[in-house]
């Protein structure tokens, strides 16, 4: 069975849904899921459609060409399509913290994530054994002020060599440069350890402690040039009390971070996220 | 502008979405929202579509007839349509607790609920002043073992006289009989003060205390003949500790009850709930 | 039965708990509750003790003098004591929103709050009927740029005339001036409609919409001179999606605001909050 | 520094706190934490005290004897004391699911749990490599109907040989027999994949799906003879929708299970749990 997922956005206008669904029927496809959203402030239409096509005659290329000519050009759509022919390839960038790494690899191992992880890149050697445990190649690329650009060359080379689709920063403790972001726009997922936009930047748990908040949070977002300001994919929070020390906050926060990051990765991997205007539409 | 909301369920089969959306386009309608769900265990398709039709020529009756003939019969659909011509009429059944009543009437007063409340019926006189405050006719119909059937006669008479669409039991402390349920199938909304199916029946906070749970909850559901076993519309919970006495649980629970019940009422009033197989599909 | 609640903070040092509990025993008191906290960053000790004293011979004044002489001076304590002799008097300052007002007055009416509410002050006339409904004097004091100082004179006069203990800003849409804050330090409770420190200032739901967050929140805090920067008493959040319009956020937020504010009021009224270093210790 | 934690419960009566704190002062100890609770329904007093004793002269045995003679017998206390001299030893019983195992071992590895894990026992061989990865001896003891008693002999032998203090069933798929429970009363921690008391027994996610609940949960509790009916240590829930299939529930549930179980293990390991009357008091 050929499965094809279609993500579309364009200016809202009449008859989009009927036109698209009709087109799919004409192409002998079956719609197994359709979700749609209209952002009323800016009048933008978003849609995600999962379709199935039977038979050997189906050609992804043919479908895409026809969709472009008959539908997408007419409605001036931005669109992407994904098939089940190959799995997304995800690279992990890490430093010294292991909780997000364990959480992601545990899920990977038990087939909860429908992706491939061809490599782990770290600026420290500490977590190399974990890579070994899970049978994933681990590349140690140290980063210092003077070697940052050179290190990025190596990172990019590896990412390209492994045909990486998206990157997950699993508590990677370096700021990612414009060069990498431009290569992977809306395809680098970070976990920040606060409920953004509160406590952006360094040491959010220290800031949360100082401000005396009664909830802490974690936010997974796409990386953009402005630090911790990219489109938010997932957030969660936990209630705390005055009795929590900074290290208690850090420990509690780890539970949030790993779950929130893994949820964001799952959403991205299943093509359920669309980015528009520095915000996300998350399809169900 | 004529607005029409369509709720549909039927056996899942190819081309439903395309057929329905096409039909709406042919009827000169515009689709402003579409959400759909397939229950894979039983292979049932559910859909909710919001449409707009311009112009004086549009006839609801005409649309419904055409939809029946051209679409619904073909796919053997169960379906309902709702227009913006008239507001739903909701009756409140209450006893002595006022928190759900205040919450619903506060929202009603500030136009958060797009409904009419023609009457309040209570088996006690205590809350009559609240009815007066909000300008809603209050009917006191006492219920005793021997007068129960007679009391229901009066209730039904009032409900019919006011052309009530659905009933909300806002902590009404009487069991509703089969007769009333049959008149209002999937249209009587109750709030039960536990996270069902735990602690069905009387005194759930006492049972929660005894069992030593660390969370309490509230559940809003449609009333069916089996007590506290109807289709669940909304649930929420709150964390508690060993330090909560039974009266602390009751106080905390009130906050859950009123919010959960009001959320369920909003979902029902906006035609976002479909019932199937004693479960609900809640459209976004 | 005389009940006396003691709130204490001082530099952490050995034997505080034993000294205080011993002292209470010597005064023929019984300890019914004790909770304590040490803030390790600054080495501050906090304690809340509920005691009961039987018999006509007990004198609050006598107890307080003895506690001052034998315990508080020795440990250089900041302390306060509260008895069950008289209820706290709370003033409500409101503008046009009614949801927090209804929620607080509903609880007040059903004796959930162990306080008195001698008056409501509003800069608008809109909600006067609600005051009447609940039998609470309503004072309309308009506030304009040019009359602000004069309006505050009237407010202060009323607050003093009614011997107000603390003030609740139930969505009061004016900035409270230093003069009022100085008269009621750590005794003016505000509700801000965001999870502070995110989205301080005006129109937080608009900012939340723009930023594309996946959770919204509400924060109750003591008012200090810096806007929305006072000690946080209570916070809660709700998950949202891209499908929420600004008005959906506002509606959802109302549910958070009223529950969070009422919880903060309950904590304050029961003397469960201590303020230190612009943060709160919330006793259980 | 000698640290000693004292857990006490007894009939509520005057002067307990003062007597205990005084006693500790007389023994030259410093109280670094005290939390207390009175269960008013049955009038039981609970207390947890953390103390520090300086100097080589301090003797745990001496302290305990004195406490028994001077305090505990007078108030007829049930009490236990724990020192920082040695870490608690925890055994893991597992079957085929790895998510709780990874979560616990990840925390163990990063020193979040202040315990030792001398062994893993499993009735299946599947997860043996994980034991190896974390350097923890793995014992495969198959369990069949006919060999159950014999298997328990081996389990008990191993548990005793390793001087195990408490057992964690990390999704162990066998019912633990009375014999094991009697050896480890209130010291076997299970994770059940529902918000108990709802959906006790087998296949709770299937039951949750069937009932159409809008929240699912996980519960960690001490094992008693009655299945899933022991004292609850920790619970958490997640909101779900009609769109969740059974396998979605299972996946979402895994996140709850691992966090809830690890939280319960942390509470137990830090001696923050007291059991009374099939309920727990959880100290802060």
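Per-chain numbering from 1; labels A, B, C and D assigned in written order.
Heads up, the rule we're going with is that a contact is a pair of C-beta atoms (placed from the backbone, for glycine too) under 8 Å apart; a residue touches a chain by one contact, two chains touch by 3 or more.
Because the structure is predicted, anything quoted here is derived from the model rather than measured.
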Note: chains that touch chain C and chain D both are A, B
Interface of copies chain B and chain C: same or different residues on the two sides (over or under half shared)? same
Taking each chain's mean CA coordinate, chain B and chain C are separated, in whole Å, by 37
Between chain B and chain D, the Cα-mean centres are separated in Å by 42
Among all residues of chain B, those touching at least two other chains are 241, 243, 284
Chain A partner, complex, touching residues on chain B are 14-15, 17-18, 21-22, 24-25, 30-36, 38, 239, 284
Touching chain B in the complex, chain D uses residues 37, 39-41, 195-199, 209, 211-215, 217, 231-237, 241-243, 245-246, 278-282
Residue set of chain C touching chain B in the complex reads 98-99, 102-103, 106-107, 109-110, 112, 133, 241, 243, 251, 254-255, 259, 262, 284
